[in-house]
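One chain, chain A, appears in both complexes that follow, with chain B as partner in the first and chain C in the second.
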Partner chain A sequence: MAREMMPGRRRFTAGSVGADLLILLWFVFSLFPIVWMVLLALKTRSQQTSTYFAFSPTLENFGTVMSRRGEDLTSVNFSGALLSSVLNCGGAVLVSLLIGIPAAYAAGRWKYRGSEDLMFQMLSFRFAPELMVVVPLFVIYNQTGLFDTTYGMIWVLQLVTMPLVVWILRSYFQDLSPELEQAALLDGYTRRRAFVMVALPLVRPGIAAAALLAFIFAWNNYVFPLILTDSEATTVTVAVTKFLGGGGQAYYNLTAAAALIGALPPLVLALTIQRYLVRGLSFGAVKA
Partner chain B sequence: MTTTVTGPHREGPRQEREAPPPLPTVPAWRRRLRPYLLSVPAVAIIIGILYPFVLGVYYSFLNYAAVNPNPVWVGLRNFKAVLTAPEFWHSVQVTLVYAVSATAIETVLGIGIALLLNRSSIIGKIFEKVLILPLMIAPVIAAVIWKLMFNPQFGVLNHVLGLGSTFDWLSRDRALWSTVLVDVWIYTPFVAILVLAGVRSLPKEPFEASDVDGAGWFYMFRRLMLPMMWPYILVAVIFRLMDCLKIFDIVYVLTAGGPGNATRTLQVGAFEDSITNLNYSRGSTYMFLLWIIVFAVARYLVSVLGRAQRRAAGAEG
Partner chain C sequence: MTTAVTATDAAPLTLTDVRKTYLARGREPFEAVKGMSMDIRPGELIALLGPSGCGKTTTLRMIAGLETVTSGAIAIGDRQVQDLPPGKRDIGVGFESYALYPPLNVRENLAYGLKARRVRGAARQVDQLAARLEMSDLLDQRPASLSSGQKQRVALARALIRNPRVLLLDEPLSHLDAAQRQRVRRELKVLQREFGYTTIVVTHDQLEALSLADRMAVMNAGVIEQFGTPDEIYDDPANMFVADFVGEPKINLFEGTAVRRSGGTVVRAGRDGRLAAYAPAATDGQAVTVGLRPQDARPAHDDEPALAARVVVYEDFMEFGLATLEVPGVDGRIVAQLPHGVRWRRGETRRIAARPDRVYLFDTETGTRIR
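Then we have the complex of A and B:
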């Protein structure tokens, strides 16, 4: 039925029931692993390999993973990794905002020589193979003592957060009519005050979306902490994978509990900025 | 020079507002300099990141390894060694198979899901909210979940699908396709939400007109919808293809490149060389070659995108 392509028309036909079934099929596939992870996280150790769906659930694993007891069992300091992740990613986003907002404003407001080069250099970081940068950094960090430190991680995470912040915010500043600031200038505002009092408040949703999305991507990153940290500044993503590699003594239930805790912050943040997600994920290329 | 700066309650004639006079308090050369000054910190960051990048390129012309801390210039010897090694070409093949198949499957499924969700049924409304969940979980965490599900003995997949306890998802023949499956699970929503945004931005009139003319569903999809959505689809394809070409985390967690070298993609290979075996020069050579591939593909796709955007804009206007 051709009508079905148009929004706003609803009718019950064999086609529409079939379409609903197809979409249901996708969501069973899409949600099953997440449901399974939750189930596994609620099992005891003796249930983890012997049961599938019928078992007596317990919340104990979450406490174990976060505590000293979990570290004794699996030799993974998960609460420490959580704290490092927050510090690394929070610091990286903060630096990116402080440096990225002025650059995004300049690129969005004025055409000047080199601005496109600057933006494309930023974008190329998004698409460059990470190891190209990380291998030399591994050598440099080992020589300078930045290995396994929060500062070292904040620095390298700019590769993830900076392009995101600059590209998203440039698209927001471009959408902002320059006449608003010109009006403020005519009213006797200085450039700086016009920026702070007029432009900045108007792109606040964009800043929030860019900051949270940058945080999510920094949080989810794996290559950088895998290579550039050891125990002090290691992150949640590395810690979760370490649960699997505990020679012989496998605690799958604890692995699932850790995975769930590690996955939760990005999920919560993503749901709060869902409206801006398309624009953010496409670096401002798709304005939804 | 008389100052033209006036108070907040200035009421000027209209044409003055459209072409505001330059404020004499700020000289012109400073105004021209302003965007550069604002970009200085960002340029500093870029240089800071380009430095290790250039260093990496430099490594690929040395014989630098942890066992050889005083490297010397060896010219193109690394490139010759890598380009004549069958395992490099095997990695290229694995990477291309992974990237092309994952991107193709995700694009087709993503477009399908977007079209289905656009039908504004109640089920669609509910599911749209949870569509992005797999996308926001860290890819490594997703890979850990799937690795547990893939386990032949106690993994839930063999149990639910009735495959018994001998079916090995990560065997030599199947491992690559299992990693693609995980990639599809994570990133299909990415394509879907981009395309969905595209579908929703389409004008209604052409569709109503061709509906009146009695055009069929497939005709409308192929002749109207696809050309108009092409830029959105291309953006999604560019992001997916680029990320798949440098895939590391999913493969590394699921198989670490194995069994044997069945899933040894270029970045996994570079990791093995430079971090596991501490042969920095060889790893950097791998990366430099991958970077050239990624760069060439990106250049080509961005030019295609530019053309598609101009055509779509023409089609709409």
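Then we have the complex of A and C:
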């Protein structure tokens, strides 16, 4: 059937309207928890359990969460945790890029004995439940002094970030014609300069995408900071839950406010490099 | 460093028993190139012709230094290069994929090759070469906006810009359409003559090889089957593979028996077909494979040995006609190319013959030429 698709003009058929309605329904359904959280974050403590949509909103919760008052209430330094999260995740991504980019390049360019096994091994870190490794790690961290330190977190988050960086970037390097670098070699560039000057700039979108994804996964990680940190290097994911308190001291409104603040950095990052992200998530395709 | 655009010192290129064995995990070691030897004179244009997978690209990459040499020697001029890194061999390569750097425009792409060597006057050199290749108007465009023919020219320019001693081109015309292909082929030859580079062109298109090359190497499964001028390859094939691979329409190959007579050699083929052949080395009664090019077959005179054949199809191509024939007792059909005006009809029985020196005899077992 040859149906003409006119740009800028759509046919309204029963089918298309129905599909739009379904999408809208799904949209409302999936956004609802977020809407609920936003509403909750704007309520006072006395309103937090009411289900009325009509209430007098306040921004006070955000201030409370970020200030010492929040700390006094729940003994959690949320702004400190925010900073820790940034340091832990930023550091982890940086280390992963530093080591992972050359690794991905090597894995994408050369086959050698066991190269595929090695790649699979690395991916399998993502399959294994974190709880499986975290208990022995707890013991080791306690004995080596890595417990509750930024270094320790950067170290353990490599389990999360490194496989992502290597796997995403490997596919980028594989998509790149090796003849580009070979032409540079013939021009007299060294291998390393050919890599840095020819291959690397072409996979920038991939690096951005990998870095962002790794950052988000690291940011959202809960188990490692829960077990391997206490107060100094603890992260937002752990800190948020502290507002739920213990002994009947649940601050749902503060929890919601904290969760919203905690969701902000990855969101802002994602929006700023959105352009790269769309291409990056399609895993490659950097053709001329 | 000269700033002149023309090659100052074309160099001879010598391959001595070059071999390449690929070692892949979980597979048998694979010998892709099995002892290649070639003596290429300065400024010569050589075509490497062969079917897919015969090792043409591998050979080229070994010369360029992009692939290690398992054994053997490669010399440019009097310098052994097989252990030098690619950048030290002074070789220009035109890659099949063009290898143009997408973020840079054509001008920057051309200058890129000079930058690594910190050549002075690079900008002027780029302008000169671009003018010479009639692509000055392309200089500010990005590779993505070029047609494949234009990309091809830029890739060639990129290989030429450093004024290399040897130029290697891998399937330079493969991405072009038929009309462009002819034009660029001629341009390539003119440029090569003018610049005087020692050049190897890889191709699997025999027409390209025959028309471009001073000499050509016909490769098969990692060995050179024959190395010679296009005329030698076409008129005097060394073996059945070369005869079969080069020539359009394909050569007719059929079984026969050599019969020695005082006047020379005659081959019997089919029930009562006979063809005079020039093959002093053939022994009486030897089973042979006969090779007869369609272009060499002609209507026979009444008094000479000939193949009697029934016409299955006659196709008229205006300048010539192609008759597809069936010879009783001969497996497969025989194609004869007939001059304009000779019209044979389907079902007729006709007699064909050829000049004795154009009837090739091959050893059926080994495929080598009997002459």
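As a convention for this text, the second predicted complex is superposed on the first by the 256 of 288 C-alpha atoms of A that agree within 3 Å, B and C clash if a C-alpha of one lies under 4 Å from a C-alpha of the other, contacts with A are read in each partner's own complex, and residues count from 1 in each chain.
Just so it is clear, a contact is a pair of C-beta atoms (placed from the backbone, for glycine too) under 8 Å apart; a residue touches a chain by one contact, two chains touch by 3 or more.
Note that the structure is a prediction, hence the values are computed from the model and not measured.
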Check your understanding: Which partner does A:P201 contact after superposing on A: first (chain B), second (chain C), both, neither?
Key -> second
Practice item. Based on the superposed arrangement, let me know which partner A:G245 touches: chain B (first), chain C (second), both, or neither? Key: neither
Exercise for review: Look at A:A270 in the shared chain and tell me whether it touches chain B only, chain C only, both, or neither; answer first, second, both or neither.
Suggested key: first
Practice item. Please name the chain, chain B or chain C, that touches the greater number of residues in chain A. Key: B
Point to revise | Touching partner for A:S177 - first (chain B), second (chain C), both, neither | key: second
Exercise for review: Report for A:L186: first if it touches chain B alone, second if chain C alone, otherwise both or neither.
Suggested key: both
Exercise for review: State which residues of chain A lie in both footprints, the one left by chain B and the one left by chain C.
Suggested key: 112, 182-183, 185-188, 288
Check your understanding: Can you list the chain C residues touching chain A in their complex?
Key -> 24-25, 64-66, 85-89, 91-93, 95-97, 99-103, 112-117, 143-144, 158, 162
Check your understanding: Which residues, counting only chain A, touch chain B once they are in their complex?
Key -> 1-8, 10, 16, 19-20, 22-24, 26-27, 29-31, 33-34, 36-37, 40, 48-50, 52, 98-100, 102-103, 105-107, 109-110, 112, 114-115, 118, 121-122, 124-125, 127-140, 155, 158-159, 162, 166, 182-183, 185-188, 191, 216, 219-223, 227, 236-237, 240-241, 243-244, 252, 255-256, 259, 262-263, 266-267, 269-271, 274, 277-278, 281-282, 285-286, 288
Study note, to complete from the structure: Counting only contacts in the complex, chain A reaches chain C at residues 111-113, 177, 179-180, 182-190, 193, 198, 201-202, 287-288
Revision key, fill the gap. Seen from chain B, its contact residues with chain A in the complex are 5-8, 10, 12, 17, 20, 23, 26, 32, 34-36, 38-39, 41-43, 45-46, 48-50, 52-53, 55-56, 59, 109, 112-113, 115-121, 123-124, 127, 129-142, 144-149, 153-154, 156, 159-160, 185, 188-190, 193-194, 196-198, 200-201, 204, 207-208, 210-211, 215-217, 220-221, 225, 232, 235-236, 239, 242-243, 245-246, 248-249, 252-253, 266-267, 270-271, 274-275, 280, 283-284, 287-288, 290-291, 294-295, 298
